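All chains are identified by letter, namely A, B and C, in their written order; residue positions are counted from 1 within each chain.
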Amino acid sequence: MAGSNPNAKPMNLTLNVWRQAGRHAEGKIVEYKVKDISPEMSFLEMLDVLNEDLLHAGQDPVAFDHDCREGICGSCDLFINGRSHGPEKGTTTCQLHMRKFSDGDTITIEPWRANAFPVNKDLSVDRSAFDRIIQAGGYVSVNTGGVPDGNDITIPKEIADRAFEAATCIGCGACVAACKNASAMLFVSAKVSQLALLPQGHAERKTRVENMVAQMDKEGFGACSNIGSCAAECPVGISLENIAMLNREFLVAKATSNNLA
Amino acid sequence: MSWITKTLTSSIGRKLIMSVTGLFLCTFLVVHLVGNLQLFKHDGGAAFNAYSHFMGTNPIIRTIEWGLVLGFGFHIYEAFALTRRNKAARGQGYAQWKAEQNSEWTSRNMGILGTIILIFLIVHLYNFFWRARFAGDLPKMGGADVETADYDNLYLAVVSSFQLWWYVLLYVAAQISLGYHLWHGFRSGFQTLGLNHRKYIPVIKYAGYVFSVVVAAGFASMPLYFFLFTNERGEVVSNASSLLQSVASAF
Amino acid sequence: MLLDSKIPEGPLAEKWEKHKFNVKLVNPANKRKYDVIVVGTGLAGSSAAASLAELGYNVKAFTYHDSPRRAHSIAAQGGINAAKNYQNDGDSVFRLFYDTIKGGDYRAREANVYRLAQVSVNIIDQCVAQGVPFAREYGGLLANRSFGGAQVSRTFYARGQTGQQLLLGAYSALSRQVAYGKVKLYTRSEMLDLVMVDGVARGIVTRNVITGEIENHAAHAVVLATGGYGNVFYLSTNAKLCNVTAAWRAHKKGAYFANPCFTQIHPTCIPVSGDYQSKLTLMSESLRNDGRVWVPNTVELAERLRKGEIKVNDIAEADRDYFLERKYPAFGNLVPRDVASRNAKQMCDEGRGVGSTGLAVYLDFAEIIQRIGADGVSQKYGNLFAMYEKITGEDPYKMPMRIYPAVHYTMGGLWVDYNLQTTIPGLYATGECNFSDHGANRLGASALMQGLADGYFVIPYTIGDYLAQTAPKPVDTQHPAFAEAKAGVQARTEQLLAIKGTRTPDQFHKALGHIMWEYCGMARNAEGLRHAKTEIQRLRKEFWSDVRVVGTGEELNQTLEKAGRVADFLELGELMVDDALARNESCGGHFREEYQTPEGEALRDDENFAYVAAWEYQGDNQPEKLNKEDLSFENVKLTQRSYK
């Protein structure tokens, strides 16, 4: 009996995996076979099996990013069978389990594709563009110490909850990967909305959105065409309402800020 | 660059222009559709020609017309600019891409839909607008009324064009494209302006769906009607069913 | 070397205030002349890097992740404690201090823990100001819940993602300093050695994991905020990349390692489903508030279950043994983590475990589902039930969950004094990386508190004391010690690549994890530990002759990274065993089977073991030297726990 399910039959699968030696190297899809994959395995554990096989055969294992394997760190980022994080809704790659696949399936695994996310190697991409966008203004400028008591700022529960929902973004980049335009609007909007909703963020409300959008454009992400793939593929369910809020914040900031640059 | 050009050439700025021009063009569609309904009046084109004469000569309308030119111009220009930018954002594409599982076809194909509409627009403008305004080769209304005798008989030009099967086909295809374009574009315009509220977005969404169907069906009904049920002068031919005659006479 | 914990004189409640006055300050104009390296960007690292940069120091922050936001602090679910007493239920700094000392089974330093409780209130204020969206009441004030059996509601939370929200807060503060140019951020850079110049910490050697480039970095002081070492067990609730390398290399350069055997086992994790298992997932402790833990009455029934001949719901009520309720009528299913864990293990050892591997017990919600309905249960635990179903494919509304204990947190770590300085001058350790505040067992919702306390409110004061006594001369990497350290790292990398053996780093890691879990896990005994020691030594020898790493050192080579980490775990594992063997008592997370009360509870020996075991490295394959820091308790009375 494999795992909890005594009827779980091991599967044999064909994997089409993107292999690329380094950032400037040519890449291609390479076919691999994996055998005896338990349906109880997570997708990444299936890749672990592949990598152990490759290593025993003296070949270079497939590089991919992962860490917490519980869906919160945002490291894992595989484009599986044409979808960000694979076929299951609201799920990161690490939480996708092989019981969602069937014996004999062919699975295509590619890295996130966006010029702003260059490939490091194989399936690992560089998402530091996201960090630079946050550095452009995704914070409240307070130093450690000298802040008021936590309860001096009252925040209606509804506002706190909405800010929280925007703040749950894990920065994985599935939105960019799924977007036809490789747009980062959902990511940027989540942070802008969180801080625009909360009173703590109001002091820098205008400069924040101006600077973060400017950085987003500089990184070479596409524009939003309100397609909605991003929100549909977001593993933590960041809503399109945030993008509307970003647009609104941007428009108001540009129209009313004192920034002439 | 000044802050204005910087704003308007940013990714969101360009989208704002798309949105504002798009929604403005929606109002144009309404006016155009309502005006064109005069075609169905069964008065030999008198009302339609009077309407088109008014639209072609009234100084206020002629001024607004420039707004329309700008609206179309910016909408099309920004569409190309954004498409280029968006294509450039993903140099290397995916081997497998299943966007149909996470989004609507229309929203991903606004460019194709828009291009079909643009081709139609060029033909349409040439046939009617250009000929009326610049070429001046349209037939005149003639008749007893001295005031209207000199008006272009645009009605006749339109109705006779609608006897050509390929022209009708282009028309209908363009209206279907327009419908799909609006299906996404109407709601999208509000989203880009930041007008997304959980109370109102369902209203906007369904209003958009109704709008796109009504506009597309309204415009498409004209070539179809004249092609199927009338002769080249717009007279209902005898083999049309009586039901459709009564529908037509209701207009 | 004599261990000097540098605890300030005076009454407990005044020590920190007094100490803050007594520490030397660095002139504001001079601060920009000092460089500080912070390794790790989790809660402790990000908060320290941001706060030090705000003060004016030049900070270099390092993480092996692609972004500081990936650190494993992000996975903490429950919440963060603070002695705010917002709920008017009798909480105070002293009560939080007392609970933490008692929860740690009297193996932590009073002064440190008291300071932790004191600054806990500042942490909440700081995080709120940063825009951390804590849960709120309808009136707009901060919400609290009680957690981990505490008798007061002092836990602040952001749904089940408190760690994420706090880390993103610290990450935003760090990002701001990066934008100002006060922090230079090095992502994808793994620290592989510490550089010592004239007996003080002066820099680190890193490997850029993308390019493979080995680099030297110099600074006036180095802060390690590199987390815990739970992954020595291979399977744990830690993230896959968590490792001991930075701390271990510092240890080998002279930093003492304290209480390495103190590991916390969490009772409610999703059990292992097969050999391929790569990590374990924690299910929130709150589930035990309403779930009932049981196994079948007989080995025979358990066997039939394991073979799939019968289903769990076929087992009659009379054939179920609710062993926690039976053994601990007063506390029932809510006994502390270590007690719940050990009892689950005992059931499985008896052959009454369930699941395919026989290493699981049931956590049954049938009773509460019947009482308040599935909807009511969904409102309380909906997200946890959904997560369980996603991982196991089983619906906990229809059948009981299967749970098993898993390694969760390591209380041990680099020995630090009151200033968080290790035994190496200029080398500091913060967060889970140090040993300081949790004694032999950590209370729920205290890890986040400690990480942020160290980073925001302790290290910014105490590091100044050291820097003020260091000349503000520029530091560089010209000293031969840097070249030597770099060469050492290069040689080791080449050595790993040159072995070209037959077993993968993961195979060695799993083998080590198995030894550690069997003999140095939930319950330990002298015989098993001695066996484990020889097993680890054998495995380590095999590793260095038979490990297989392919590729080169000049590229992204995740196998090479893994091999380096496993090599260090193979050394740490032996030290943990030594420590467990030397501590002839049971306390907190350390349960020696020889030392238990007649009822099977942990039996402390305060007479002989009320000390911190600080191990001193003596050279490769040499037994380490045990140094003892005696713990004195002047403000609390030592008592024996009882949950009967």
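Basically, contacts are C-beta pairs under 8 Å (C-beta built on N, C-alpha and C of every residue); 3 or more make two chains touch, one makes a residue touch a chain.
Protein identities per chain, from UniProt: B = Succinate dehydrogenase cytochrome b subunit; C = Fumarate reductase/succinate dehydrogenase flavoprotein subunit.
Not measured: the values here are computed from a predicted model.
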Partner chains shared by chain A and chain C (touch criterion as defined above): none
Highest C-beta pair count, chain pair: A-C
Taking each chain's C-alpha mean as its centre, the one farthest from chain C: B
Euclidean distance of C-alpha centroids - chain A vs chain C, Å: 26
Separation of chain A from chain B, taking each centre as the mean of its C-alpha atoms, in whole Å: 39
Centre-to-centre distance between chain C and chain B (centres being mean Cα positions), rounded to whole Å: 65
Residues of chain C whose C-beta touches two or more other chains: none
For the chain A and chain B complex, residues of the former touching the latter: 16, 18, 29, 79, 81-83, 87, 108, 110, 113-116, 178, 180-183, 213-214, 216-217, 220-229, 232-233, 240-241, 243-251, 254, 259-261
Residues of chain C touching chain A in the complex: 47, 50-51, 54, 65-72, 74-75, 84, 86, 122, 124-142, 158-159, 161, 163-165, 168, 171-173, 175-176, 178-179, 185, 187, 210, 239-241, 273-274, 276-279, 281-282, 306-308, 355-356, 387, 390-394, 402, 456-457, 460, 502, 504, 506-507, 548, 550-551, 555-556, 558-559
Contact footprint of chain C on chain A as seen in their complex: 1-7, 21-22, 38-42, 44-45, 48-49, 51-52, 55-56, 58-61, 63, 65-75, 91, 95, 97, 99, 120-121, 124, 126-128, 130-131, 134-145, 147-151, 153-157, 160-161, 163-164, 167-168, 170-171, 194-195, 198, 200-201
Partner chain A, residues of chain B touching it in the complex: 2-3, 6-7, 10-16, 82, 85-86, 88-99, 101-104, 107-108, 110, 184, 187-188, 191-198
